[in-house]
Amino acid sequence: MISASSKSFDAAPMIESGPDDDSLLRVSLGPQHPSTHGVFRMNVVLDGETVVSLKPVFGYLHRNHEKIAEGITYLSSMPYTDRLDYICPLSNNWAYAHAVEKLAGLEVPERAQYLRVILAELTRLINHTAFAGFILGDMGAWGSALMYAFRERELILDLFEDLTGARMMANFMRFGGCRNDLPDGWAAQVSRLVDDYGPFLDEMEKLLVGNEILLARTQGIGSLSKETLVNGGISGPMLRAAGVNYDIRKVDPYGIYERFDFRIPLGATGDCYDRIMIRFLEMRESLKILQQALAQLPEGPVIDPKARIRNFKPPVGESYARIEGPKGELGFHLISDGTTKPYRYRIRPPSFINLTLIEDMCLGLDLADVVVILGSVDIVLGEVDR
Amino acid sequence: MTPLLILCPMMILAALGAVWLARPVHAALFLALALALTAVVYLAVGADFIGLVQFMVYVGAVAVLIVFSLLITRPGDEAEELLRRPRSWVTGLACTLPVFAVLVYAASRHTCLPDAAPENPSLSVESFGRVLFTTHAPAVLAVGVLLTAVMIGAALFAKEAHASSHTEPTRKPNTPGDS
Amino acid sequence: MSGFDASHSAAVLWAPECWPRLPQRLVEMLLHFCGAPDWLVTIGGLVAAAGTVVGVFLTGFALLSLIERKTLARIQNRIGPNRAGWFGILQPVADGIKMLTKEDIVPTKAEWFLHLLAPILIVVPSILALGVLPYGREWVPVPLDLGLLFFFAVGTLTELAVFMAGWASGSKFPMLGAMRAISQMVSYELPLMLSALGVIMVSGTLSLPGIVAQQSGFLLGFIPAWNVFTPWGLSAGLVFYIASIAEANRCPFDLPEGESEIVAGHMTEYSGFKYALFFMGEYLGLFAISGLGITLFLGGWQAPFPGLGSVPSWIWFFSKLVVVIFSFLWIRGTFPRVRIDQLMRFAWLCLIPMALLTIPAAGIWHFAGGGLIGWAVTVPMLLVPWVVLTIHYNKRLAPATRTYTFADS
Amino acid sequence: MNSSQHPRSRGRWSIPGLGLLKGLAVTAQNMLQSYYRKDRMTTVQYPEQRAPISPNFRNFPFLCYDGSDPVAGLRCTACSICEKECPPQCIYIVLDRDRSGKSLKRPKVFDIDVSVCMNCGICAEVCPFDSIYMDGEYELSTDDRFGGLLFGLDRLSKSAEYHATLRPDQATEVAARRHAEEQKNLAVQAAKAAKLKAEKEKNAPEPSTEGEHA
C-alpha cells in the first residue's frame, strides 16, 4: 500500500536513492521538520520504523561565509564568526582571534586572557545547558527542560549584553585582546551566577538523570567504537563520552588553560546518555574554571597596544589555530598574502564533522532514535552549513 | 420493521462495496461499515448486548486489525490481479453460493417476520455470567484453550522473527539487511 | 427518560442538585404547556439534555485548551496566554476564529472524502461516550443498562478515524502516525477494558450509575468506599490511568502525534477547522476517559468526605475531573516520550498481566466480602507482580551504574 | 587517570518509577515557585514593561553632531573608513564637494541599509572622528520594506546630547577628549596665528612670504 503510492508522494527528488526495494518507505526528514535543529535534511529509508539507510543532506543554510571572508578585512569577519554557531558566539570569536594572533604574532594581555577564559566557559555553560533542553525537546518532553535551560541561559546572556552589547552576536574578541573592559560590577555578577549555577544543575539532573523514560530512550543508543569516532574526526563531548581523552584545553593548551585546575570527564560507552552526562560533568568543571579565573582576574589593559584596528595587515604566512569549543574542536585556518584581506579562510566546524557519522549511528534503530541521536550530536546549522 | 428496511439495503451496499472495490483499504473500510450496520441492526431489534459487543469486537478490533495488516503487509497490486483472474470468481462463487442457499432456506422457513421483537429482559451481568459458565461452560473452555494456543503460537512466531532479525551483525552503511 | 412528569415540584426543580437538568425540564415544561404530544415532549427534553452535555463539555474544551496552556506555561516558568481578555480568558475564542478563518488545505494526493470524514469521526464517539456518564445523582444524560459496554464500543471508532486521517492524507508522516496510533490503541484498549472488568465483577452491573451507587458510603466512617481504596481497585485504577493516558494519546504516550519525530502524525496534512476538530476530539476524549475512570474507581459523583451531602453531587464529579486532568497536564509538562517498542512492551508485558491479575483479585474480594480476609489475600497477590517487576527491572532493564572517569592529565 | 563514580549515577537497586516521580516533583516545584519567586519568572511583559538597556547595548549606528545644527555640526568627514570596514557593506557614502570639486569634508549622501546591517559596531570602533555610534533604539519596525529601512542622513543624524543620554560615560570621555583636542587645535592655531602675526609684523614689507603661509 505504502510502496504503491510512495513514489508519487516524493515532492522533492531523493538525492541518494538508497536501497531499491518497494517495501521500504522513503521519508525526507527535513529541511522543514520540528527537530532537525534548523534546516537539516535526512533522506531516511525506513523498514517499518527501522532505519535502513540515512543520507544527510547539507547546505540549506549555506551562507558563503568562507568566501565572503576572503573579500573583506580581517576584522570584518569577526561578526560573521558570531553567526557560525550562534549558541556560542564567543568561542567562535576566540578561535578566530587566536588564528589571527598566531598569524600576526600578537600578544594577548593577561586580563584579556582571563576574560576570554571566563567568556568561553560561560559559553560552554550556555551551550551544554541549552543542549540538555534541546535533547529533551527532541524526546518529546513538552519544553519544560528547555524552558528551565533557557531561563538560566538568559541570565548569562544578560551578562553578555552588559559586556559586549549584544546577547548573542557578541563580536567581542579583537586581535590581541578584547574590545572593551568589564563594566562595573560585572565580575561580581558572574561570580554570583557561578554560585547559583550549581543548584540549577542539581535541579536539571534531578529532572533528567534518573528519569526512566529518558534512560530507556538514550542508553545504548547511538554508540560507536572509539576507532570509528577517531577515524571520523569526531571531537568534543561526543568523543569524550566514548572514553577518548581528547580535550584541546589539555592536549594542545591555548590561552591560559594550563593555569587552571580542572578535569576532563570521560564516559565509557559513548551512547546518547553518556553524551548528556558528560556535558553535565563538563559544566561542573567549567564552574570550577570560572571560580578560579574570577578569583585570579588581574588588572591591566584588555588589548595589546600594538594591535591595529584600522588597516590591519598580518605578515605573509599561514596559521591554523584551534580551541576546544563547546561542541568540539573548532579551528580556523588562515593564509595571509600580506594584504588587509585573508587569501584563504577556512573553518573546521565541529558540528559538521561530528554530524558526518550520523548514518553509522542510526542504522538499525528506530525513527524516534534518529531524532535523539541527532540531538545528542548537538549541532547548530549555522556552523554545519556555514 | 422500518429500521430494518432502511438498514438492510445499506448493509448490502456496504458489503458489495467491500467485495467490489479495488483498493483494499476502501474495501476494508466498507467491511467495517457493513459490520457496524450489522451492530445497528442488532440494536434496532433490541439485542443491545450483542449489538454493542458486535460493534466493539468487529468494528473496533477485527476491522482495525484488517486495516492494520493492510498497512504493514503492503499487498501491492496483488488484489487487483486476483480480481482479474477468472479462477478467483469460481472460487468465490463456490464459497458464497452454499451460504446464500442456506440463508434462503432459513428465510423461507419463517415466511413472516414477527410484528415486534420480543421485549428483551434486562440483562444483568450476573445472569450473563451464570449462563456462560454453567450451560455453556464447555464452549467457553474450548474457546479459551483455542485462544491461548493461538496466542502462544503467535508469541513464538514473533519471537522467532525477532530473533532472526537480531542475529544479523551490525549493518554497515549502504548495505541494508533483509527484514 | 419518561415523558414530562407534571408532579415535579418547583423545589425539586430548583434544587442545586438538579441544576444541570434545568434545560431539559424547562424545555419539557414549555412543550407540555404548549400542548405538544408526549413523544415530542420526550424528544425535546432529550435534545435539551444532550445540548446541556455538549454545551458543558464544549465550554470545558475551550477552557481546557486555555488551562492547559496556562498550566504548562507555569510549569515551564512562563506566563502563558494573557493578551486576549482578562488573564487570556478569550484566548479560546481567538483560537477558534483563527482556526475558522484559516485555509482548509486538502493535499492533491489525499482522498478528499475520507480526509473530511476522519475529523468528524474523531469527535462523534467522544461526544457519544460523554452521553452515558453519570455526572451527578440526578444527572445521567442517558442511563443505559449497558453503559460501560457502550462506552468502550463507541470508543473503538476513534481508531478507525485515526487510520482514515493517516491514510487519506496521502502522505508519509500521517501514514506512520496512523500505524503507530492503531498499534498503540489496540494494545492499550486491552488493559483498559481488563482493568474495568474487576469493577464490573464487584458491582455486578454494566450500568455506570449502578457502579457509582455501589461505591457509596464510608469505611470506618471517613474513608470513602471507592474502588480505588481497595487493593485490587488501586491496582486496576493505576493500570486504567496509564492505559487511559495512552488511549487519549497524551504525553508520554503521544506517539501518534509524535511532534519531534513525525511532525504531527495523522494530523500533519490537516489545517483550519478540521485541525481544530482533532483537538476537540482529543480533549473531549480526555474528558470522557477521565470521567469513566472517575466513575469506575474514584466514586463518580460521591463526596470524598462524610457530612457533605448538601453539596450538589455534580460538583464532586467535576472537581475530580479537574484533579485528574491536571495530573495529565502535569505529566505532559514533565515526561519525555517513550519509543514505540518500549510502549508496546510496556503494554503487553506489564499492563496486561497486571490487569489480568486484578480480575481474580476482584473475584476473591467480591466473594470474601472485602473484609480482612480480602485484604489478606489480595494484597500479597497484587504485591507479587510489583516485586517481580522491580526485581526484573533492576536485574534486566535497569542500566548498570555508569561510571565516569576523569582524566587528570 | 583517576576513576570516580558520578555522585548521581544510579545505584544498583532502584524502584521503577522513582526517577519519574522525582521529575514530577521538580516540575511541581517550578510551577508553584513561578507564583512567588521572581527568579523563576523571568518574562518581561514587553510593551508594558521593558528590560533596562545596558550602556553597551548596540543596535543600529547613528551619526553624531555637535550643537544644534545637524548639518553644520556633523562630525563625519566622509572619510569612508567605516564604509570599507563594514562587514556586510551596508554603508554608502558620497563625499560632498564644492563647485570646484574640492572636498568639503562632509558627506553629501550617507546611507545605511539597516535591513543589511548586522549591528556589529565595527563602524563605531574604527571611526577616527567620534562620529558614528551605535544606537540603543530597537523599535524600528516598518511596513515599508525598502524605503523604511534605508536610513539617510536625516534619520541618522542625532545630537551629542542624545549620545550622552545613551552612554553618559563614553560621551563625557569623548566630549572631554574633543574639548582637549579643540583646545589644543585652538592653541596650535593661536600659536600659528601668533607666529604668523609675528612673522607678518617682522616681514611686513615682503609680500612673498605671506603668500607662502596662505
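In this document, chain identifiers A, B, C and D correspond to the written order of the chains, with residue numbering beginning at 1 in each.
Following the convention adopted for this analysis, contacts are C-beta pairs under 8 Å (C-beta built on N, C-alpha and C of every residue); 3 or more make two chains touch, one makes a residue touch a chain.
None of the values given here were measured: they were computed from a predicted structure.
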item: From subunit B, the most remote chain by mean C-alpha position; value: D
item: Of A-C and B-C, pair with higher C-beta contact tally; value: A-C
item: Whole-Å separation of chain centres (CA-atom averages), subunit A against subunit D; value: 29
item: Between subunit A and subunit C, centroid-to-centroid distance (C-alpha), Å; value: 44
item: Subunit B and subunit D: spacing of chain centres that average the CA atoms, whole Å; value: 76
item: Touching two or more other chains - residues of subunit D; value: 1, 6, 9-10, 14, 16, 20, 23, 26-27, 30, 40, 42
item: For subunit C, residues contacting two or more additional chains; value: 75-78, 175, 179, 333-335, 397-399, 402-409
item: Junction residues of subunit A - those touching two or more other chains; value: 2, 144, 148, 151, 207, 211, 213-215, 245, 277, 281
item: Interfacial residue positions of subunit B with respect to subunit C in the complex; value: 25, 29, 32, 39, 48-49, 52-53, 55-56, 59-61, 63-65, 67-68, 71-72, 122-126
item: Subunit D to subunit A touching residues, read off their complex; value: 1, 6, 8-10, 14, 16-20, 22-23, 25-27, 30, 40, 42, 54-58, 81, 84-87, 89, 118-122, 125-126, 128, 134
item: Subunit D residues within the subunit C interface of the complex; value: 1-6, 9-16, 20, 23-24, 26-28, 30-31, 34-35, 40-43, 45
item: Touching residues on subunit A, where the partner in the complex is subunit C; value: 2, 5-6, 8-9, 25-27, 33-35, 46, 49, 136-144, 146-148, 151, 207, 211, 213-217, 219, 243, 245, 247, 250, 263-268, 273-274, 277-278, 281, 366-371
item: Touching residues on subunit C, where the partner in the complex is subunit B; value: 114, 144-146, 149-150, 152-157, 159-160, 163-164, 167, 175, 178-179, 182-183, 185-186, 189, 200-201, 204-206
